[in-house]
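Every chain is named by a letter (A, B, C and D) in the order it is written, and numbering of its residues begins at 1.
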Amino acid sequence: MTSWPATAQEFAARLRSDAADRDRANQPPVKEVELLRQTGLLDETDWSTQQKITRIVGAADANIGHLLGYHYLQIWRSGLFDKPVRHESGWFWAGVSNPLDAALELTPAENGFLVNGRKTFATGAAVADRLVVSATRTDNGEKLTFMLDGAADGITYLGDWDNIGQKLTASGGVAFENVVVPNEDVLGVQPIDEHPRLSLAALGFQLVLAQLYVAIAEGALAEAAEYTRTKTRPWFVSNVGKATEDPHILASYGEMVAQTQAAGLLADQASDQLKAASDQGAALTKEQRGEAAVAISAAKVVSTKVANEVSSRIFEQVGARGTAAGYALDRFWRNARTLTLHDPVVYKAREVGEHFLTGEHPAFTGYS
Amino acid sequence: MTSWPATAQEFAARLRSDAADRDRANQPPVKEVELLRQTGLLDETDWSTQQKITRIVGAADANIGHLLGYHYLQIWRSGLFDKPVRHESGWFWAGVSNPLDAALELTPAENGFLVNGRKTFATGAAVADRLVVSATRTDNGEKLTFMLDGAADGITYLGDWDNIGQKLTASGGVAFENVVVPNEDVLGVQPIDEHPRLSLAALGFQLVLAQLYVAIAEGALAEAAEYTRTKTRPWFVSNVGKATEDPHILASYGEMVAQTQAAGLLADQASDQLKAASDQGAALTKEQRGEAAVAISAAKVVSTKVANEVSSRIFEQVGARGTAAGYALDRFWRNARTLTLHDPVVYKAREVGEHFLTGEHPAFTGYS
Amino acid sequence: MTSWPATAQEFAARLRSDAADRDRANQPPVKEVELLRQTGLLDETDWSTQQKITRIVGAADANIGHLLGYHYLQIWRSGLFDKPVRHESGWFWAGVSNPLDAALELTPAENGFLVNGRKTFATGAAVADRLVVSATRTDNGEKLTFMLDGAADGITYLGDWDNIGQKLTASGGVAFENVVVPNEDVLGVQPIDEHPRLSLAALGFQLVLAQLYVAIAEGALAEAAEYTRTKTRPWFVSNVGKATEDPHILASYGEMVAQTQAAGLLADQASDQLKAASDQGAALTKEQRGEAAVAISAAKVVSTKVANEVSSRIFEQVGARGTAAGYALDRFWRNARTLTLHDPVVYKAREVGEHFLTGEHPAFTGYS
Amino acid sequence: MTSWPATAQEFAARLRSDAADRDRANQPPVKEVELLRQTGLLDETDWSTQQKITRIVGAADANIGHLLGYHYLQIWRSGLFDKPVRHESGWFWAGVSNPLDAALELTPAENGFLVNGRKTFATGAAVADRLVVSATRTDNGEKLTFMLDGAADGITYLGDWDNIGQKLTASGGVAFENVVVPNEDVLGVQPIDEHPRLSLAALGFQLVLAQLYVAIAEGALAEAAEYTRTKTRPWFVSNVGKATEDPHILASYGEMVAQTQAAGLLADQASDQLKAASDQGAALTKEQRGEAAVAISAAKVVSTKVANEVSSRIFEQVGARGTAAGYALDRFWRNARTLTLHDPVVYKAREVGEHFLTGEHPAFTGYS
């Protein structure tokens, strides 16, 4: 898609125009996904471009950036099974695979399986065309990953996501009752042993989270700067005529912008490493997988700090009237605070520290 | 009131029990002020006890702590004019005197004045029994401070406070149309020259803000700790059986608790200094007034940082599920963020720094 | 000593006058202890006054503050055995009791014992008149604490303290070869079981460290401010005529001063709690001892951060020329960095956090 | 130089082996420059490689990294005059051009000029083969830049650099007495008007400083990690067998490593931008020059923070015994603290903030 930057920027501008209102309305992102579908951005296939689009969209609206980043990830990680992945233009993908809750059950049936059970925190699933789901076979205990039509019979979206941030991500639970999975939609078996390539999926989610944290900081800075430029009054003892001349406001923006840029570069570098690891295909070694994992953890450590700090600190640059509910400037912090708790960042820092001290790579888990 | 600690704690417990719900409901604090009236805490007259009650109540609900702290202040600062101040048991006081917007007008009339005009950000006024108001005489330009019945004819509460934090403080604007002020309700004239004693009023508000910032940090810690103790799951690679054994969670709480305690002591010390200055009566010198001002600014600098940091950092100790909207754990940060923007804290830091370097005291303004 | 403030200030001024030179000369504090002896401050007996003197002297010279603070502690902790402690005017006391290295051996002999062995890190011992020493009986394994004349036969001071900070504290090792300990100089037996009162000694050292950390921050600020006032040039694009008018310099000092004051109040509060616990005598409960321990740990957490941050950050307020070696402005950071590593502060934070979350008190150890 | 990575690493290893001793010896870097000459690294011509070498050498020894980084800069910035620059293999270059002190005087003489006067802070000059000097013509006030042989008659090196950090950079003053400058060694005239290309010189120094700050953080981390791995004892209540298993030590290293990597990427990005601007030659616009300036300022903001924080925080990961003077682990902080005061970083933050808010580019000065 040659015109992606313009398309992404236009879509971002549109999202930005009513992001505060939509945050307050707290509705599932049905309309937003439809708009996204119309942009064609869902069909982007280049890794690096996907990352850039995720940042641009995520800065405008972290909810939609989250949905889009995960969408790209689901297609990519489905491909790690080395089976052709069918994507049709305009399909929006989401996953049902929270690593920390009890697995769904797969009962063998004619030409496939029946899925039963519940999963929590399935970001985007309720508004998705295609779902990537993981579940455990009742007969032999194998963990399979498979595709489902988002509107398949027997799927109920619980609509139980009501959180302080990332409100519009449709991250509620999903219930499955005898949902049919034909054999051809099974992507593959999750091996018990450490499998560098298939285990890249977990790293992909970590990377996208880091990108979204950077995006939130970028978005917060852009929105705050617009406010400072147009609405903030200089403090009455500041001896400056405009808020944009206040030395403390200037220095604060400078520090925040510089830190955010640094975090962005670290996320981009981690993205390049994961792409390189992914491109290795079956030749990927644990060592290479491990280096990518550490790079992503480092990006997550830095971007977590930046997202939470910047989204709170901007308020000192906009001033008291910027807390009016209509601006919803707090959405950046609420989104950052919610999304950065995906898994505890201090354990990411430990991975980076352990690697630096001992050369060890992170364990293969749902989070590393 | 000998039993004030128990009374304050009981009231605080009651507020805490539905603080999250009330924050979400976003209604004027009519019921809360009525409850407060019933406790008898509105009639407390001891300075130090007032400060302690403000902290206890403010930790449970920063909105009501704000109303109560300002209530005490209005009575105290009315007394600075050295005219007996009438307070009847159960009266709830508020002020209409935002220093940064255009003054109200006072037109001389028979046995007094008529007030006309509008003021913004009059915390608590809409639910107050008695108002302390400042306005400017149209005939001679004098700025008078006077009392009004909150329900006096011609007063309209605009109900235009809708902000991300301190939602229940009824901090909207007030319109006055030919409101009658009898001469006996005029407290006095605000002198043009620097007047150490009357100018203490501005310091009182700064002090109460510092106390409320500390209270917010205390409240956030208490609520988060309760969550960590009862709901937080240990991270799956932490090798501990309970979240309260996780080394990082323990250390983080320890740092936050210690910083909050230090901030609280600094606010208490500043409170003692303002009390001592106030007790000087007419003998108060600019020097003494200035030392109290610097102490309060220092307290504000430390407590601002603590309130914003602690109310955000607690989330790392409660974990992802603690972002569910029902807990409204974000209210502490939203309240802190809103209230700490009352006036820009970096200018308070400058006052402290200037005094340390040069011995200068802050200028006499509406904020220092 | 009614005139102690003046005496302490004079002594501090004298120390300050050549602190940079003495830091560079890196010699044992023989002359300094002699000066200290002449002031009479060694004989101060009031707890609260001792703490204040330690802060005043420590701000001027953290080395001598360290020696003096520990001197008071040795006399106090000797008294915890409830045996009269003989102090003669002018005696300078020090201890030999690093908890982390192998104990000295006490061999029973006629009317007492012989001490043999080596200890590391015995701050002040090499220049002390009286030593408080702990060692283990070879016959029954009891750990005794006893007094020695600093110049007793058989004691060798190893002079092996050569560190980046606290250079003048004579914190080297001590070797004992058949040093005679008469029975009457034995203070008592360190019980194996938890003994609230005797175990206060460990808390005393933690408290004095916290006081010294605060003192270092105070000293750094005072010295830097003097430099900023008299030598720092305003930056050429700052549009101010003097460094003391630069907004960033003012705000930075303000933040540092406020944080240092808060840390000081927390240390003072902890001091009051330890004094109260000590005053309980045999009635002291584990609970009371534990509350004092937690208060001291909190003070140490805050003061550690303040000391290291302030002593580094001051350089931004003095500017490039302030790094000239002659000013030795780095001594504050080197002293802070060295002294704050006495034991790892994160474990103090954990104690505070654990107490806050669970009510547990710190274990009885040589450090808590 | 195809083998530069190995050469740089070998040289760095050699520097590292006695960096602590040389820091304590505090001698001019005569031997070090001779070693550097022998490596051939002085003749490296590729910009990007120069930057990498500066980081590698600077991590091992910030003094020598500083000399080498400035050496490359002097050759590069001499070339900005578009006159062929003669460099002979093994020549070590330095500059005499501190922007903040009074200019040297150039008196016209036969076939050239005579230089007279003094300059301060001429890093490396005392040990340089070639000097790049700026001075003002007495006849027409033009500011010329010219080359000198470092050993030319009439040059005296004052040897007055004695600072807490960057001790071995020979950054003392230089006196000139009738030093002969032939016309052919004059590089050109510094225009009074803003000249994008010639003014890149100032940016080059800012960039190299940012690279050195990153290098100091990298060096501090490497040295501290080696200590933690081999010498640090686990804290006695930590329940771990090795310091490299302590959760707090791991997390702290992780945070520091991640922040340092992010700072490094930002410096590298700024380096690419300056290279691109430099490659524009005469076509360089103010806009492009300005974008590079802002990128460099951002890099300086982030790397300043990282260098000062990491070089202080490492001590918590090495523990008390790591403060022994023999390790000189404080040299990283002393070097960082000294070098990061080159010019006040808050004014760099202001440049970044102003550009973000208003699009303005930094003024053309000796520092931006």
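Operating definition for what follows: a contact is a pair of C-beta atoms (placed from the backbone, for glycine too) under 8 Å apart; a residue touches a chain by one contact, two chains touch by 3 or more.
Values in this document were obtained by computation on a predicted structure and should not be read as measured data.
Asker: Between B-C and B-D, which chain pair is linked by more C-beta pairs in contact?
Answerer: B-C
Asker: Just grab the chain with the largest centre-to-centre distance to chain C, centres being mean Cα coordinates.
Answerer: A
Asker: Taking each chain's centre as the mean position of its Cα atoms, how many Å separate chain B from chain D?
Answerer: Spacing between the chain centres: roughly 50 Å.
Asker: CA centre of chain B versus CA centre of chain C: separation in Å?
Answerer: 40
Asker: Quick check: what residues of chain C touch more than one other chain, meaning two or more?
Answerer: 247-248, 251, 346
Asker: Tell me, which parts of chain D touch chain C in their complex?
Answerer: Per the touch definition, chain D meets chain C at residues 100, 162-165, 235-238, 248, 308, 312, 315-316, 319-320, 322-326, 328-330, 333-334, 337-338, 341-347, 363, 365.
Asker: Hey, which residues of chain C end up touching chain A in the complex?
Answerer: Touching chain A: residues 247-248, 251 of chain C.
Asker: Considering the complex alone, what residue numbers of chain C touch chain B?
Answerer: Those residues of chain C that touch chain B are 221, 225, 228-229, 244, 247, 249-255, 257-259, 261-263, 265-266, 269, 297-299, 301-302, 346, 348-354, 356-358.
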